[in-house]
Structure formats: C-alpha cells, structure tokens
Amino acid sequence: MLVELAPHSSDAELASLATRIARHEDVTAWPLRLAGRCFLVVAGDERLVHRVSSAAIRAWHSTAERGYWLVDRANAVLPRRVPLGSGHVGGGDLWCGAGPCALESVSDTVRTATMVRRAGADAVRASLFKVRSGPYHFPGKGRGGLSALAEVRAGGGLPVITEVADPRDVGAVAQVADCLQVDPRNMTNRALLAELGGSGRPVLLMRGVRATVAEWLKAAEYVVSHGNPHVIMCARGVVSFDRSLAYQLDYGAVAAVRRHTDLPVIFDPSHSTGSAAAVAPAALAAAVFGVDGLLIETHPAPERMYRPGDAAQMYPVDRLAALLAACRQVRDLAAGLDAFA
Amino acid sequence: MLVELAPHSSDAELASLATRIARHEDVTAWPLRLAGRCFLVVAGDERLVHRVSSAAIRAWHSTAERGYWLVDRANAVLPRRVPLGSGHVGGGDLWCGAGPCALESVSDTVRTATMVRRAGADAVRASLFKVRSGPYHFPGKGRGGLSALAEVRAGGGLPVITEVADPRDVGAVAQVADCLQVDPRNMTNRALLAELGGSGRPVLLMRGVRATVAEWLKAAEYVVSHGNPHVIMCARGVVSFDRSLAYQLDYGAVAAVRRHTDLPVIFDPSHSTGSAAAVAPAALAAAVFGVDGLLIETHPAPERMYRPGDAAQMYPVDRLAALLAACRQVRDLAAGLDAFA
Amino acid sequence: MLVELAPHSSDAELASLATRIARHEDVTAWPLRLAGRCFLVVAGDERLVHRVSSAAIRAWHSTAERGYWLVDRANAVLPRRVPLGSGHVGGGDLWCGAGPCALESVSDTVRTATMVRRAGADAVRASLFKVRSGPYHFPGKGRGGLSALAEVRAGGGLPVITEVADPRDVGAVAQVADCLQVDPRNMTNRALLAELGGSGRPVLLMRGVRATVAEWLKAAEYVVSHGNPHVIMCARGVVSFDRSLAYQLDYGAVAAVRRHTDLPVIFDPSHSTGSAAAVAPAALAAAVFGVDGLLIETHPAPERMYRPGDAAQMYPVDRLAALLAACRQVRDLAAGLDAFA
Amino acid sequence: MLVELAPHSSDAELASLATRIARHEDVTAWPLRLAGRCFLVVAGDERLVHRVSSAAIRAWHSTAERGYWLVDRANAVLPRRVPLGSGHVGGGDLWCGAGPCALESVSDTVRTATMVRRAGADAVRASLFKVRSGPYHFPGKGRGGLSALAEVRAGGGLPVITEVADPRDVGAVAQVADCLQVDPRNMTNRALLAELGGSGRPVLLMRGVRATVAEWLKAAEYVVSHGNPHVIMCARGVVSFDRSLAYQLDYGAVAAVRRHTDLPVIFDPSHSTGSAAAVAPAALAAAVFGVDGLLIETHPAPERMYRPGDAAQMYPVDRLAALLAACRQVRDLAAGLDAFA
C-alpha cells in the first residue's frame, strides 16, 4: 500500500513512520518523494501493516485491488513529459529514437546516429546488453563496451539509449547512457526494475510480448515506487495465434495506456512487424493512435549486422525523415478529428 | 485439385472429363468457368483421382500443400474489383458500407441509409439473420423480414448488405440483397459457403475471430470454387489474451491478404474495437494499411437498439463524412510514402 | 428468456401464451417440454417481451447474464444419462466410441466395428460428412453413403455415430445413425444446432478448438432449447501458442463442464493429441478427470486411409481393450481419492 | 556454438584455444566440462568465430538452428538423475517436493516439513524471495531470512528448495538451500540463469506461463552452458484464452521435454490449477504422462497465509500420502501399458 504524508514531511519523520508502520518483520517501507508529494511505499500483506496514527499522514492508499496507484492518471503523481537528453518524450511533439538494436561496429553506429539526427530523430539506440533466448548469441559488448557507447554519444550528437539486463550493470551504464531500456523478457525482472528505480535515468520499458496491459503498468509502478518517475512505455507487439507479421500490433494497448496513465507511450514498428516493408504503415497507424513517439530500427548497412533476422527489419535511413513528417501529419489529422472524443 | 482445360471447352467436354476423372466413388468433380478460363474442381484424395489423358487438359494444379489456388494472386484468376450494386469494392477508391448490425426498426434503418448515403457511404448494412451465441437473443427478422429489407433498399437509395447463416435461406435472400455477409462464426460453415458459391451475389466474408489467415483464405476458396469469384474479405479483429479493445486489430492480416490475393479486403473498425471512441483511429489505421474499404456500424438513435452492447460501438452518423475524408487522405499519404515498397 | 409453466399445461395453453408473450414482431416463442416440466423458450430482447399474467406461469427465468439456463446443473432439467443405441452415456460407467473419422471403405469399417465391439467399445464412429477447411479434400460420402452407413451398423453390431454438417441432411441421417456428431467448426452453426434440436437423436457436440467453455455450453443450450435434451459434450483440445501436441488438452474444461452441468462429458484423445503414441496417456488423464467416456480413433489398416495426417493418430485396435481396462481402473482410483472433494 | 575437445584436454589448452577462437571482440568463449567431456562454449555470431585448427578439437557443434545442444538427449551429455539433498530427481522413482510458496512463519514451515516428510515427500519448498507482479506484495524475507531457512532445514529433516530472483543473491542462498528455484517470470532472466550455472546447486526451472517449450529448453541450456548440468524442468501450466483452471495444464510439454532431453521433468499441480480441489486429478494426470516428480503446495493452516489466493490452492497435508501412493500406482500402470510406445 501507499501512505501519503504531508508534503513537507522531513526525512526523519519519514524514517520514523516507516519503522513504526513496518514493525512486522514481513513488512518493508521506504520513502518516496514525487511531484512535491511525500509517500511511504509499504510492501507486505496489508493485514500486517501497523496503521499508526500520525498528524503527518494524509491518506492510506490501498493497492490491493489493481496493484498500481502511482502510475494511475487519476492520482496525478507523474509528469506528462519524461526528460531525455536535452529534450523530452511526451506532452505534445512526436519523439523519435532510431538506430540498431545492438551496438556492433562503433563507426557504423556513429554514422547511423549522424544520419538519424539529420532525419529528425531525437535519440540513437545502441545496446551493450542484449537479452538472448539462448547462450550462443552475441550478448552485446557488455560493460567492456561503455567507452564505445560514449564514443557513439559524442560522435553522433544525440542522447543514447542502451539496454540493461542485470541489476549489477545499472550503475555503470547510467554513467554513460541517457536512457535505459528494458527488454520485453525483463519486464517482470523485479530486481532489475527496483535497481532502475534508483538509477536517475529515464527508463524505456518494453511490453512483454505476452504481457497484459495490467502487468505492464505494474512493472512501471515497480520502477516509479523505487524512486524514478521517468518511465517511457514502449509497445512492440504481442504474440498471437497467427503470425502475418512478427507480432500482433498492440494499438489497443497504446490506447489503454493513454487512458490509464500520464506516462508517455511510444511504439516500436520494427520489432512488432519484423519487416522493413511494414515499418511505415505500422508507424503511421501508431501515430493515428496518438503515440508520443516511435522507436525505429535502422542501420546504414544491414548486411553487415550479425543477425540476418535483424537486418530484415531495418528501415532505410534515407527514408526516415519523410516517414516522420508523414507520421506527424496523420497524428495531427487524427487529433483534429477528435478521434478519441 | 484443379484441372485447367482449354478456355473454350464445351459443357459436354467438361461433363465427360469430370466423369472420367472422378471415377472413384469418393471423388467428386465439377466445372468452373472464371475469367475466361475453364476448370474442373476435383474434391477427394489426390491418389484416387484418375489422371486421364485429354488434349483439352492444360494443367493439373495440386492444392495439397496450401489448400487454395484460385484466390492466389499468382494465378490471376480473380478480378481486382468486386461489383456491388451499381458500384464496386476494390481497385482504387475507398469503399464504405455503414449501418446497424441487425435490421430492427425499418424507419430507423431507412433514415440511417439516407444519412450514410449523404455522408458518402456506398452501401447500407442491415441484417435479417444474426448469428447469436445463445438461443435467447433476437436472431433477426429472418425470411419474414425480406419485404422490410426491400423497403430499406428502395427507401434508402443504397445497395443493401445482409447476413445469411443458413444455406436454405441463400436463394430467397439473394433475390433482395445486393451483398451477402458471412459472420465470423460461419466462416467454416462449408454448406453455407458452397451455397453462396451459387448465389450470384457478392459475398462479404468476415474473418473468424480465432481463424488464421490461411483458414480465411481457404474459406474464400470455398466460395470461389463453387462458382462465385466475388468475395470481399472483411477483417474485424481477432481474439487475444488481453482485451484493451474488444479484439486485437488484425492489420497484419490485411497486409497478408493483400500480399496473397487480389480479393479486396476491407476492415470493420466497429466490431473490432467494440467502442465508438476507437472507431476513428481504427479506421484511419486501416486506411494506412491500404484497405479497400470500411464497414462501419452506425445508427441515428443507438439507445433504441435491442442490445446495449451494440449501441456502445455505434459511430455518430454526423461524423461519418469527416472520417471518410480523413481516411482517404491518410490512405493516399501512406501510398505516396510507398509504405509497402 | 425462459418462461416456466405449470407442468401439465396443455399444448393449447402453451400456444396461446406464446402468442401473447411474443406479440412484438421481433420476439419469438416456442414450447419445450423437458423432464416433466413445461417451458416457453423466448428469443428476443427481454424489454420487448410481453410479461403477460397467467395462472399457468410459474417463473420467468432470465437468461440475459449467462446465456444458458437449461443446461445449468442447478436447474435440474437434464438427465444424467444420454441414451445411445441400447445403452447410454453418463451416469457411472466409462463409455467408449471408437472408429475412423470418415467412412471410407465399408469393409474396413465393418471390420473396425467388430474389433472395437470385442474390445469393449459401445459405439462405432464413421462419418458421411466431414468439415474440411478447403474444398479439395474428400468431404465424406454424403447422403449417397447412407446405405453404406446402414451396412456398417448392421454388420458391426454397434450403434453408429456420424457427423452432420448441413441442416438439410439432419432428417435423412437421423433415420440411419444412432448419434449425430457436430464438428468443432460447426459448434456455432446455429441453423444446424436448431435442426439437431428436432432430430430425436443424441448429439455429440465437439468443443470448438478456440471456443470458451461458456460458448460451448451455449451451443448445448441451443440444441436443448430446440427440444433435444440429449447432448454429449466432447472435449478435444484447444489451440494454444505452443504445439507440443496437436492441441492443448482441455481437462480443465472437462472439470468445468462437470461443475456446471449434468450433461455427460467425454474426451477425444486422438484429435486432441494428433499422435497415436499420446493417445493412451491422454485417455488415462481424461479418466482421472472423471470423464464419462472416450472417443478414440482407430482403424485396422491406417495406411489405407485417405489422409496420412489422420493415419498418424490411429490407436492400434488390438490395444484398445487393455487401454479401456486401465482407464476404468484409474478412474475408480481417482474417484476413491475423492479427487474433487 | 560448441567446440568439443579431447576429453582430457588441460585447462591451459582450453584457455589457449578459447583465446584463439574468440579473437574477435564480439565473441566470447569459456570452458565447460560435463560427463567426462570437454567443451568450449562460444557466444557470438558464428561468422566471427575463428575456426582454428587444433589436434584437440573433436567437433564444432553449430547451435544456430535450434539454440540448444547440451540439453538435447541425442548428445547424451546430461545425467538422467539430478542429485538433490541426499536423494535425487529422475531416473525412476516419483519424487515429491511440498510446502508453501513463501517462507512466512518458521514454526508453521517446520511443521509442514515434518508432516510432508512423513507423507513421503523428498524435499520441502519455502522461498525467501518471491517474484511479485507489483511492488506492494510481500516479496519474501530476502537474505535476512537465511537463518530462518536454515532452521526449517534443520528442524524439518528435509532438503529445502528456495526461489532466487536476483543474481546477487545466488551465492549466499546457495550456502543454505539445497535447490534453487527459478520463477516463471524469471525464465528469461539471462543474468540470473548464468549465475545459477556457477551455483553448484540443482536448479528447479519453472516454465514461463507463456513460454514455448523451445524457449524453456533454451533457458535450461543457459544454465547448463554456464557449468551446471543439474536442471529440473518444472511444468506449471500455461496461459490460455479460457480459464477453467488457473492455467492450461501443459502435459503436452511434459511429453515434449521427455522426448527432447534427459533432464528430469516435474509438474506443479497447485499453481497450474489454482484450486485445492483440482490438485489430485492434475497430479494423477501428470503421473500418467510419466513425470519424474511433483511439486505440491501445502500448508497446515492455510488461513494464516498472507495471500488468500495462495491459500485456495493448498492441498491438505493429511491427504498427501494417499495422493502420492495413487500417483505411483497410475504411473506404473501407464508405463505397463507402454503408453508412449
């Protein structure tokens, strides 16, 4: 549950209340300050929580029913914009991140960053850690690649997004990357999410390919409740019984996230379709559904990439600018139609 | 399998060859003339088919692997346009059918037809037969409503689309309706599909909510192989593990159908979303994916409808014209972008 | 909805009440006598039903919420045993139907019937009509095979189960077959289900491979509400995201059906697994879950069957007796353990 | 890929070859000794691997196609029995682990251990770490509970199984627990799996509720390739479109795992059904499918548990012995029937 306290409660007050509320050994409580408000996050069976009296306590918010509260738009705790580099995601403009999945060649990636920047992208994505289904795939350069990532960042002139998969890497990676991405397969990795809560970097949280929207929101709540209000929700398709495209395009989930939360929601037309030819319509359709941004796989020379499967979904860099312009146009058109009124 | 004959083979030749090829009692063969070409459709284990010699035989097309051949674009048997009323579906313009699901009040439906015609729709939908999951729902007016349907047709000034669910009704309904719709739950109703093959009316074939694209194409093949090349494929969402909208929007299937076949494919943003508020983005996104048309539920007074659930997804008639204009605009924009190149 | 009347209401009373209740043109009502009780089945929006007063009316049962009432165990309308041939399904013993899917060779099928009878089976299955996904497969001998079916029945010494797929065939087939089977793809074929309601033969209702238990129960309600209380529910696996076996084994649905209804529920270990090697464990597991019977594909010479895919799932006839004995043993053992207490 | 070397290659040889093979910075290689055989595990794009010549190299095993090799039965690398405590899982007898999900009260858990030991269980399960979907649930006692776990182990007289979710906890927990469990939500947590590969403890690897069998096997390969051959596969149901029970019972996956690998496979009838009443049939059916063991939730006083949802699936301790006896009986019966022949 969440205990809301008077906005200007001191650290000492928080600590003292946390101790009293979490008197039972199977209850934990920690402070959380968000949007000028002051909370204690309480983990444990609600029946064991000591409901102490205190003039500082404004409300006891039960989380038993839905499992999330902080990310709920109704509670107005989160900002509508997530800062990323010198810009932000959400709150109006259509943001764009672009680049390869994994950081392979540094020079290729610097060149990608330069090209996507000129095409209007706001960030480059290049991961040092990749979650692979088996142990034999290239797992990314790992921590040893941090200097390469710094080179990309400096050379490309764009903030960098990189994936992180192990809680032990979060601290070091957060020193270099501007945004930390969570793979669909780590959406329920509690230890990682908790660590990201303390990372001080915005988190790009991909939906699990078989996760419900409620599970996705609870994963976001995990990060926020551990101290980080800057979560970007990234839809990227879900598994279906029929694979016309790599995944079913989850625009309904985009609409649902927008209804439930103020967190920005972006769409990945590359992984969701698995096909360069389908990236444009998938991106346009996402724009129609009002996404706050797009995350597009692109590479100037896909044939040099390690995995041929990835290469098949690279959108040509030289067409990115036109695609983004069209996306902005249809997004405005849909908004003008008052599509969701 | 399909046996292709010389284009100008006579009926007598066909009958004679059919008898010789289907000599085994568990093999059946019947003639099919399509696009100036001449076929024998052969149903039965390919090992039992008598591969007779004849100067008239051009080719033996095996259907063992995929189960369809006639609807395959590669074989160029089907027209790109399906005639419907005095117009057609497919081949360029964005077609629109609109109206309620079931024909309830005649006067309301005539009014709907008039309004959607003014908004630019090409046909009105009003069904006499509804497939219901249980026996207690209003199943439609049935054959007793044929005169009501004729009234809607005359009064509304638009061709009418009506559902048919029982092979015994096809003949009578085809006398009045301009287009016969197959419900998702009847997509695998072989007796119905075969009868529709002889109906002389275009068939609007809805995808089963849990059917694969291959199963959907095989259902179309059913109709075509029984003599009717005029099938309109209608995507309307599929069941998923998560219900942010009523169904998962199956744009990937739209793309797949366009890739595999020349049959026009349309989208139903009403049943697929189950929510009036989501109809506009769902329709726009379908336009982006290049659909040939839209089938939109609308009613001037949803509160009078029998099922409140249906009422919740009625798009306001007075906004239909603007929606169609926007859909045409984004469709052109996507095409200009060479989205599927 | 269902209107329950005094048990001995006359036909004239029923007809008169039906007329008064269904005064609105979009409401239909028909009489139903079951288990010594007397009902009017009313189809249509409940708001349009005329709630007339009559001393004969015992209760108005709403069906709005769940869509079924007659099959609900709580209402005790249905018998626990369905008569089939000179025996019955349900109510204690483990019933077994066995045989090929389609009737192909008469002599092979008579031989199968003789063999499965000796192994302890209660009925032979051999279908004249097969629902095929495409038009090119052998669709069964059709009506022309009725005499062949009669031969199998006479020669094999067992009641015969045959599939029916077109409402126009029900009457003729019911003259010969002892039990009429509904394919998963026809589970929602309303016209067929209604016709089966008047067939006077027990109906073996297969679950759609993607149907929910509620949809399945509503399909049974369809048959029962049209006059036929003798429905045998047949679980046969459902589609899943992973195909270790042909289908996911739906034992949970078996348990659910047993909880909700008195209708007997049987299991098809052949279609659900698609593999002869998995038939035995799948059948044993079904027995553990307390099924009332098994429907097992078997054929003395699978290599002669038309479809190699079907051949792969034929259980060896000579092992059937041992399998049934084992199934009875584990079923008793599970019952003794009070498994569902 | 995997490089197989002469069985008695020295550490120095392995290190030297690893360096030469993984000369490219995006390739990594490490030694692995299993079953008296000697391998180098190579992670990275196979095109970048330096295929050096060496007399010590016996074979280059490509893993590109399926993603696993070590767990493949055909390669005979793994033992059929996994040691656990002083006993083992697999290779003949039916093993049983029982106990609550989370370690809550120490005295209750010691009592549980004592009771399940008397009932014939081989291990007690009590977790210090629980993966929760949201941050507000009791996440387990964590590392602070290690002494409590040691108490349970000493007091109950059984080896203990405990979950681990964070790679940083693996070392400390492996000091106390006899077996480390991986939650379905961590099945794709690469960092955790790699760490477990070096833990020296058997790993109980639960299938993700939406994971394919291939993904599950690749997770096992992860652990094995990092040095630990002792993986117990635990099936526990998968998500389906219909929830008659909590999950679809994945017996097909049990059969598939047994076909593909020598790793023992057990079944969890408690989480898969979510209902105490369904535990017995689910366990018996698992036995019929030849599982090597069962993992059963039980607690002497479910009403004291923190989560009422968990309490609903606790099997009564006093009926465990009878259930295990029945499971052994049906397992033998199925084996005698040569069910999978």
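We call the chains A, B, C and D, going by the order they appear; numbering starts again at 1 in every chain.
The rule is short, and it goes like this: a residue touches a chain if its C-beta (ideal position, glycine included) is under 8 Å from a C-beta of that chain, and two chains touch if they have at least 3 such contacts.
Only a predicted model underlies this, so the values are computations on that prediction, with no experimental measurement involved.
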Of B-D and A-D, whichever chain pair has more C-beta contact pairs: A-D
Farthest-lying chain, centroid of Cα atoms versus that of chain B: D
Inter-centroid spacing, chain D versus chain A (mean Cα positions, whole Å): 31
Rounded Å distance, chain C centre to chain D centre (Cα mean): 41
Distance from chain D to chain B - Cα centre to Cα centre, in angstrom: 50
Touching two or more other chains - residue numbers and ranges from chain D: 210, 239, 241
Parts of chain B lying in touch with chain A, wherever the complex brings them together: 210, 212-213, 238, 240-245, 248-253, 255-256, 273, 277-278, 280-282, 284-285, 288-290, 319, 322-323, 326, 329-330, 333-334, 337-341
Contacting residues of chain B [partner chain C, same complex]: 1-2, 25-28, 41-45, 47-48, 63-64, 67-68, 104, 131-139, 141, 144, 165-168, 185-186, 188-191, 194, 210, 215, 218-219, 221-222, 225-226, 239, 306-307
Chain C to chain A touching residues, read off their complex: 210, 239, 241
